[in-house]
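Think of it as A, B, C, D and E in the order they're written, each chain with its own count starting at 1.
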Amino acid sequence: GTASSGAAGGSGSGIAPFTYLSYLPMETLSVAPELLADAGGHFENHGLQVTFQSTKGSPQAIQTLVAGAGPLTRVGAIDLITAAADGQPLVNVGSIVRGSSIRILNATVNPLEKPEDFLGKTIGVPSEGGTSDKSLSLMLHKAGLNPDDVARQVVGLGPGTFELVKRGDIAGYMVSIDQSIVTQQQFEGEAQAFDAGDAVRADSQIYTATQQSLEEHGEEIKAYMAAIRDAVQEIIDDESLESVIETMRSKYSFGSLDDDEVAKESLSQSRDLWTAKGTQPLLTTDEGYWAEGYEELVSAGMVEAGSDPSEWLDNSYLPAS
Amino acid sequence: MSMQTQPTVATPETAVPDASPEIRISGLGKTYKTERGTTHALSDINLDIHKEEFVSLIGRSGCGKTTLLRIMAGLVPPTAGQVEIGGRALWDQETVDSSVIRRLGVVFQDSNLFPWYNIEDNIALPLRLRGVKKNERRDRVRELAELVGLENFLPNYPRELSGGMRQRVAIARALSDNPELLLMDEPFGALDALTREKMNMEIQRIALATRATVVFVTHDIDEAVSLGDRVVHLTPRPGRIKDVVEVPLARPRGLEIKKDAAFHGLVGNLHTSLNEEDDHES
Amino acid sequence: MNRKKLLKVLPWITTPGLLVVLFVVWELSVTALDVSPLILPPPTMIFENLGTLLAQPGTWDNVRVTVIEIVLGFVAGTLAGVLVGVILGKLPLVEASVRPLIIALEVVPKVALIPLFVIWFGFGMTTKVIIAGLLAFFPVMLNVLLGVRSVDRGHRDLMQSINASRWQTFRHLEFKSMMPHVFAGMETAIVLAVIGTIVGEYLGGNEGLGYMVVKTLNELNAPALFAVILMLATVGLIMYFIVTSFKRVAIPWHESVYGRKEVG
Amino acid sequence: MNRKKLLKVLPWITTPGLLVVLFVVWELSVTALDVSPLILPPPTMIFENLGTLLAQPGTWDNVRVTVIEIVLGFVAGTLAGVLVGVILGKLPLVEASVRPLIIALEVVPKVALIPLFVIWFGFGMTTKVIIAGLLAFFPVMLNVLLGVRSVDRGHRDLMQSINASRWQTFRHLEFKSMMPHVFAGMETAIVLAVIGTIVGEYLGGNEGLGYMVVKTLNELNAPALFAVILMLATVGLIMYFIVTSFKRVAIPWHESVYGRKEVG
Amino acid sequence: MSMQTQPTVATPETAVPDASPEIRISGLGKTYKTERGTTHALSDINLDIHKEEFVSLIGRSGCGKTTLLRIMAGLVPPTAGQVEIGGRALWDQETVDSSVIRRLGVVFQDSNLFPWYNIEDNIALPLRLRGVKKNERRDRVRELAELVGLENFLPNYPRELSGGMRQRVAIARALSDNPELLLMDEPFGALDALTREKMNMEIQRIALATRATVVFVTHDIDEAVSLGDRVVHLTPRPGRIKDVVEVPLARPRGLEIKKDAAFHGLVGNLHTSLNEEDDHES
């Protein structure tokens, strides 16, 4: 672990070091709340000095979290529930994305528009058995289809991956929101994105801690969540998004942030997901939805029945709103 | 130094040209060009060698013996002059007449056996390259192995043989294609004195049996005199023929010639003659 | 017991022995220090998982796929390495010109190019075979180049003196004397072909042991992950021994081979 | 111009020449065949991106990180390789016992273990240095082992005949005669250290050129990706040349060095 | 074969033990055990060598010359008997008395120069290991280099020297620590005949100048007789002393002894004696 114990930290400035484990590289707008909390000074306001560490995918994020490399990460609800049901001491301390943050890029000439369109086709996934793969299965299952009727193919994601769709090698492949927007821009008129929407409760993104990290770094985690809430609120409040984009650019630079159109489009899509189109309070996890998510996974045969998902949920680290 | 008379000394250039020499070397020269400058390895070499003659080539290190032999073997082109073998010119500028090469057998200082072939295959290599059938090859190899006394080692690999045995394999290989002319460059340099004496006996026997013409390079004066009909003495920088000494003793010659006064006289003279040269080591 | 014999027999006794010691120490320390099996599972758990995996026919399909890819990539890379090595070895001017490019190519992490390979060559075996072949190519090529250059001068003279044609010189001399170098390159190449195949499977397609690594990792199933890594090590080791045994058959005359035999 | 001089000067003329030809052909064929720049961007685009990248101070930070990791990993792996190689070389019985394990370790795709390293050693440089070091270790160790074994028998006799102590024998004989082998191992090791560092950065942490590969891949920015690959190749090439130049200074007496000098 | 009389032949074991021999070899034996069986390399060797004596050791390949020298040099332990040098036992089981070793200088068949040191450092190596100061070393090395005629080559590297020059460096190195006893194993085996003759002159001069006792292994009969006060003839399997021949000629001896009848008589006899042995090849 890198973070020292005690919220106030040892240094006179009262700034505590904190390591946040990100399962994505920090160059994507999927982590916009973190970027703004950092660039906009929200972490500092809450007495934190945050270091981001990227891992290669959510399994590694969970592994490193359990190993104590950092007190907090963010993974899909699917990952959290699967691992927790398997005995890992994981706790949901806040929901950030409610609904699918994954898009399935496909060709306008051979479109994927509803779950039935997927049957008998091959879909590219970033890694076998990973989050995207499972969320696709859940989406199909929820639509009453057999996930086994859709073949998967691991596809190394890169600039030219859409060629595989154009050639017909695969019908579509799974990417993050900003990647889907960039690709639609690059392949104007040829590419479109399928959005699984919010039908699947377990297809959401959760801030995740371990019981131990909560005991040792509870105060810093509270401060972190408060900073994230402020950052998300700032993005919501900035209707045009211009000011928050400006702030993020003051410290970060990458493809989707540097392009006005892509940045605005992906932030506004994300905004809807963070608020569940305005239906949910920020970060607070709805216990009912959480239980439903667990039931979905059990019914799809991805998780064993018999656990109480509320044991893995703790809303008390969120700032009072 | 020595006061003994010198039996016969021919002038460096054979005064009366031979009627039909097997080999005629005329005006031969060789200059090597390197980074550090030019080396005149050979200059104006003229020599006629008769059929079935055994010529020893002697001289200090670096005097051009190997260069001369390599030119005769078609390995290095001369920069002047010509070598005629059986009346045919060997060299045409940088290219060599391969029909002439086919009449030669070469034995190097190292046996140059291929470690991946056994003795049989090593001896048979020249025949194999010429397309001789397997059966025919086998018979010829056996015959050659008997000639050099290695008939029991045909399936062995070179590393299982001693240095002397390996050199005998190289001789068998050189003989395999019935060469009319045998060129040998210090073939026994690496052997100990006793093995060497034995090999000297054998090479004489083989030369007589196959009726080959032989050019034999050595830096050992005893060896040169005991084997050769003539001893050609080269001096260095540039390599020139200083002496051609006739050895008026019948071949083959046994160890007993080491007690012959004429032998000692020749050896002594050559010795003196070689020592007269400037010291070459700096 | 004689020392030389001992040297030959020893590995067969000590290797299992050392493995047992290693596993026992590992097991005990993991248990004593209460390390999460997610991070370092105890060997017993790994072997249990290995048993389960080996009982599944799917596992063997994956092993088969990986082995085929390794072998094809290795063979292709070796053949290409020999060919290019011979050509460059024969043409020193060309070689001097392209050498910096070759080193640059060798040093470029081909892993970064795998997504491109997938686009160019598909998800099937082809891509993995190409990656394995590319990695295997370089050591073979560089060794062959060296080998062609270091043909014994005396042997060359001999071939010339018996009027050998270019082809005969290649067949009887250059090819043969190059073989030990080819094998030295092949020993490195097989290791790299294994790595290339696994990384290729890791980043594309849905079969093979590399794919099983990803899958077990995504399942957060560390014991199974280690079991797969154990299988990988075994496959690699077997491949390596096949290459060195093949060497014994192919170049029995070479020192590195008969030298060993004499020890035994 | 003399052939040998030509051989020395040639690379400095032809390599840039070939690169220019390569890039021109690439540019023209990409344009002519209308290949999507997302799959294979034209060189002009790559160089434009390279220029942009090099103008950013962040890029140079990443280069620095990568170079430091490579150097530390390489040095650590080389030192460890020399140490273990010397020890095993001196103790043939131990060596015979552990050799199969060493081969197994060499063959295990260490890439599959990187996630574990990240857990054990964190995301910082340590992990990448360890991976680079581990990859660099094996070729050096195996070469040193060979080197220690192949100390000239006559040289050993000489040292014994002048009553040299063990340490004196090591210092004046074994160490010196091992050096060419160490360098042969180092030439492979530097290439592997580069690869190890990049793969390590690829799979964890957020700095270095390997991380830039991930970043550009995720940004779907093909020209920048190729620009980063170009930077990687350059770094690798420079490292390689530093090692070979160091060799010239360290073992001027060795054939592989003075043989070349005489060519020049 | 030869009918010449043999000047002096001592019995293999010196009948009357020497009062104070510099070296006393008594009952020495050596058996090598290998996979293929046991080789009796040496058996019951007894020999006394006086101070400042020059002893040549001769015999066919494999007769145990090198083995005997290596035992005397402290490189291989004997399996029986003892070597006393200056009255002290050299061997105690498998361990060697290093105070005795310090009195020896050894020259091997190969020069065994270290390619990573220049000539100066190669010559100075024994002094350096003994901790002699740099300045002192430099003077001594210069002196030695002058002795062997290489004072102009001190900064050169071994590869830049010819074979003969390298061997002279090895001699200088062996002399650097003022050995009382010089052991030489075919030191000139790799040299050509002429260089070899020159080296023979030099080694005599050096031996006299340094007043060293010398044991000199060779397989060349001429060399053994021209250099030695005595020639010890070993026969193989197991290596035994067959003859110890005294050479009643004053040292140093020049090339002129090659014309001396006594010299030829000794050479002839040894020749005959060596050829009587069974052929050892194959």
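The rule we apply is simple: a residue touches a chain if its C-beta (ideal position, glycine included) is under 8 Å from a C-beta of that chain, and two chains touch if they have at least 3 such contacts.
Because the structure is predicted, anything quoted here is derived from the model rather than measured.
Identification of common neighbours of subunit A and subunit D yields C. Number of steps on the shortest path from subunit A to subunit E, with steps defined by chain touch: 2. Ranking all chains by how far their C-alpha centres lie from the centre of subunit B, first place goes to A. By number of C-beta pairs in contact, the leading pair of chains is C-D. When each chain is reduced to the average of its Cα atoms, A sits farthest from subunit E. Subunit B and subunit D, compared by their mean Cα positions, are separated by 51 Å. A straight line joining the Cα centres of subunit A and subunit C is 39 Å long. Each chain gets one centre point, the mean of its Cα atoms, and the points for subunit A and subunit B are 86 Å apart. Multi-chain contact residues of subunit C (touching two or more other chains): 39, 115-116, 119, 217. Multi-chain contact residues of subunit A, defined as those touching 2 or more other chains: 59-60, 63, 67, 157-158, 160, 163. Listed for subunit E are no residues, as none touches two or more other chains.
Remark: subunit C residues 152, 154-155, 157-158, 160-165, 168, 172-173, 176-177, 179, 251, 253-254, 258 touch subunit B in the complex. For subunit E in complex with subunit D, the touching residues are 70, 73-75, 98, 101-102, 104, 106, 108, 110, 112, 114-116, 125-126, 129, 157, 159, 177. Across the interface of their complex, subunit A is touched by residues 36, 38-40, 56, 58, 115, 118-119, 122-123, 202-206, 211, 214-215, 217-222, 225 of subunit D. For subunit D in complex with subunit C, the touching residues are 6-8, 10-11, 14-15, 17-19, 39-40, 92-93, 96-101, 103-109, 111-113, 115-116, 119-120, 188, 191, 194-195, 198-199, 202, 210, 213, 217, 225, 228-229, 232-234, 236-237, 239-240. Residues 1-2, 60-61, 152-153, 162, 164-165, 192-195, 219-221, 255, 259, 264, 268, 271, 274-275, 281-282 of subunit B are the ones touching subunit E in the complex.
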